[in-house]
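Chains here go by letter, A, B, C and D, matching the order in which they are written, and residues are numbered from 1 within each.
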Amino acid sequence: MCSVCVATVKRGDIIDTRTFDCFGNVVQKPGDTLAKVKGDNPLIGPFYVEGAEPGDTLVVKILELTVDGNQGVAALTPGFGALNTTYYTPMLNAPVPEKIWFYPIDRARNEATFNALDSKFSTKIPLHPFLGCLGVAPALESRSSITPAEHGGNMDAPEASVGNTAYFPVNVRGALLFLGDGHAQMGDGEIAGTAIEVPMRARLQVSVIKGQKIAWPRFENSREIMALGAYRPLDDALRIAFTELIGWIHAETGLSELDAYQLLSQVGKVHVTEMVDPNYVVIASIDKKFLPPRKNHKPW
Amino acid sequence: MCSVCVATVKRGDIIDTRTFDCFGNVVQKPGDTLAKVKGDNPLIGPFYVEGAEPGDTLVVKILELTVDGNQGVAALTPGFGALNTTYYTPMLNAPVPEKIWFYPIDRARNEATFNALDSKFSTKIPLHPFLGCLGVAPALESRSSITPAEHGGNMDAPEASVGNTAYFPVNVRGALLFLGDGHAQMGDGEIAGTAIEVPMRARLQVSVIKGQKIAWPRFENSREIMALGAYRPLDDALRIAFTELIGWIHAETGLSELDAYQLLSQVGKVHVTEMVDPNYVVIASIDKKFLPPRKNHKPW
Amino acid sequence: MCSVCVATVKRGDIIDTRTFDCFGNVVQKPGDTLAKVKGDNPLIGPFYVEGAEPGDTLVVKILELTVDGNQGVAALTPGFGALNTTYYTPMLNAPVPEKIWFYPIDRARNEATFNALDSKFSTKIPLHPFLGCLGVAPALESRSSITPAEHGGNMDAPEASVGNTAYFPVNVRGALLFLGDGHAQMGDGEIAGTAIEVPMRARLQVSVIKGQKIAWPRFENSREIMALGAYRPLDDALRIAFTELIGWIHAETGLSELDAYQLLSQVGKVHVTEMVDPNYVVIASIDKKFLPPRKNHKPW
Amino acid sequence: MCSVCVATVKRGDIIDTRTFDCFGNVVQKPGDTLAKVKGDNPLIGPFYVEGAEPGDTLVVKILELTVDGNQGVAALTPGFGALNTTYYTPMLNAPVPEKIWFYPIDRARNEATFNALDSKFSTKIPLHPFLGCLGVAPALESRSSITPAEHGGNMDAPEASVGNTAYFPVNVRGALLFLGDGHAQMGDGEIAGTAIEVPMRARLQVSVIKGQKIAWPRFENSREIMALGAYRPLDDALRIAFTELIGWIHAETGLSELDAYQLLSQVGKVHVTEMVDPNYVVIASIDKKFLPPRKNHKPW
């Protein structure tokens, strides 16, 4: 059904797979440089989801994510990062140097160790593993695995983690799900350009909501609904995320758009997931306890 | 010492005062419109702080904040808000309508009630009272009480709340502290343009760090250090906040700037306090447990 | 050599072709709506250019452009435009209405007539025909014909007109040149979302500079060199355009980057071609009379 | 009538004065550094204009501008410029170095000479003298002479030159006109942070339009009307400039806003005057020949 797909899955099936780190697992030890990297964010997929057709919503429940190995890696890349000159924000200052940090990972303790390069300082960091890349085939364009957009992709969203369900617009028959770019842990904004990058073992369950058309990725768990916007500047990513969230609330509950706007002004949350990729990503969310019941009487 | 000051305080003194709400307390009941408002964010102050001189840091410890009354108010103002056309992002679409929401406040339960205007829905919202405006005299310009900038001002930062200490650059002799714009509760981004606006009773303790010059406001509590940036677009506010935080870490601990950059990429936090004022505000923070010890052996 | 190509051309060949207008020529008379449009910016091509290989520069000399017909069309599309709410700058205001303006075109006089919709006012507008879309296959992604980027595309640049030569990076063997979206005339910024949109007859001469790698499109005529940047916000498009121009000057003349920066601060020109497409486009230029001679003694 | 004013002028009076350069005339010869500068943009004024009251428009006709001396100066200042890291766009890259260029000026030929610092190249540049700073007292805030805003100020607009008339909102009794920051010549965007900075002799004629309230500065000459917007990012400066221009056209001619929007999409012009000051400045303009007659039958 899809000559380039790695597998076909049915609605309800569980995908159990392994992913490369963002560098294709080639940066392993002191002395390895980014020149070895053959292409950022090599992904696993696409998976063809039977029954998913344009106009539907793909549902991806994240069941399990495990760091695959005992080391993570992070890099400072000249031309990439929120606080240095970049390809799309070029300046005449001298570029920052390339640098690589290795993070030993203790899976039993669920923590990584940051070791400073310029001093002897080290510190332990608790892990929150997630998939930096998760998405479907775009509607019209084909996008790099570095780019987050309406189809998901390189959202670098810690929301793509165990306990959460992700929703994506289905743009082509079979949806064509892909994943990768495992992150053992990441700060808000991913400001230096990378998370603690790791290979990952992942278990995901896919399903489809027929006839529900959404425009941008969404997340949900038992406590919150979350809407994502991806563009530049952050201002527009935030506007997209919140208008999506307001549209979601309005559609499900009938609360008027301006009442939802007001309510979010008091209880909405903003998460800047990254400010380094070709598009910047903002997730707007609200705790379900503040929401009206759904029109269809289904529980939130 | 200062002809316009409401009081002179010594280092260590406690200021115990009351503030108006952002509308000067004139929007009180259904039918009241924003046309009654004589000027947004009327403030209390300035307070002259003895011993504070340019090049010092003013320290403001927030001891107590209590909503003064049993009602909050919020408004949708045409030309103001993150998701509607505004004075500085003008468009040709028809403006949104003026609307006012009143929030009954139950101080015993520490909660407000949101009542939808367009339906019968209502919901309870827990309160986190803080001062929307807190700051000192600017260095050179005089700024409106709507504008957050290097001097603090209308930061709309929930970080200006009990348990936190705020730091401001002292730009003029006496610092000239002012405060107001009490918020009973506010969502990230303050997207519809207001928080739950309330008069406030406030107790603050002021002191001065002699000879410590900072460029932008900072916050601190027992757990975190937080640096603020205020500008447009959000991208630049975020850059300011993080370069300030990196500078702070570097100065206090000796951790190199690039190591601090890397560490924050994994454990830094971003808080978009508001995206509606003339400058947008971002606060970048880090948990002290991830930091090296301070150079001077003082505990964090 | 290229199964999807419409023709193969040799270096030095002249392409003589006709293009559709941006609406596929389906909006022709009062009553026609945008609902008839099957996809914006249908393009002609791709043309396979023999001898063009990745790392080369494709040279496109624009020999002749003629409006094909005696009418142009322009539209206001809800969700598209610099001064109304859009897909990427969404707001809660009511959208602007869809409207269509028809422009009678007098080719003998080289002018169009603007007829107001809401009054009887009309005015004559002189024409400057150009190709809104001109470009090559992107390096990695495939992009919509609405998107301008490193590969050119929907640059909406009046610089793509008779007398000018355009340069594009060759990303794939054969370059894969395409063109379309004829504009009879357009104001700076293309602010309402369209130019005076017309079918076009076009004559272009293609050639290749072997082994010259460029990153972004460039233009040149006997008087000026021009470098293009495309991104959001305009600030970054401008930064890209000027750093490209400085790099060009530095590479060709040996003038230091900081001297070129200074010189452009006094004699550089900025052209905002459009602020409505997914990326905004800025062209930075300098009159050759201000430049040092080229290193290779070739005349500018 | 105004204790701080340098002079009181009547409507119709001509001001004949001299201004300092942006560095206070202290950077004069090789070896002089920016450390000598006591404050950027020292201005002349304020001038109290009799009969100007809040709600009026101040009219400033620029009669004559002459470079005062035979040398201009330009600087690259670390932390200031469109293509290097700045105070409001801070990054971790090493800052650019401070550099100063001196421009010999030949007033008889109306040209300056650019002499490269890093090579022997020099080139002649024709002059277009204008006032970088021209404005009135702000409405509420007091702003630095580095900041352009609603009151004019450091607009760095070549439109402030002989043959043009500038309009400013009167915010306080007497308007309080000030001027300075003479520029012998400047490129679009003033990208390296300065023009060719010179002391200037200036002759300006002031008058007042009673009861005409405008929001932002405007310019006019016999051929064009021009509206200015100043904010960040450039996108918003452009939106302000064009909505002001549309409002101007609509008010004077009755052309509907959407017809004006459409017309400007075909014949509007955009001038990015600077992208380096605290606010960025865009001027939108239209040739009067495209406009309907004025409602009051007065000629344009």
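The rule is short, and it goes like this: a residue touches a chain if its C-beta (ideal position, glycine included) is under 8 Å from a C-beta of that chain, and two chains touch if they have at least 3 such contacts.
Everything numeric in this text was worked out from a predicted model, so none of it was measured.
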Determine which of the two chain pairs, B-C or C-D, is joined by the larger number of C-beta pairs in contact. C-D
Would you kindly say which chain has the C-alpha centre located farthest from the C-alpha centre of chain B? C
I'd like to verify one number: the distance from the centre of chain C to the centre of chain D, where each centre is the average of its C-alpha atoms, in whole angstrom. 31
Chain B and chain C, separation of their C-alpha mean positions in angstrom: 45
Please list all residues of chain B that touch 2 or more other chains. 83, 90-92, 96, 232-233, 239, 243, 246, 258, 261
As the complex stands, chain D meets chain C at residues 74, 76, 81-83, 96-97, 99, 101, 112, 114, 116-119, 121, 123, 125, 185-196, 232-235, 238-239, 242-243, 246, 253-256, 258-259, 261-272, 275, 280, 289-292
Looking at the complex, which residues from chain A come into contact with chain C? 88-92, 140-144, 147, 231-233, 236, 239-240, 243, 246, 257-258, 261
Complex contact set, residues of chain D against chain A: 83-85, 90-96, 233
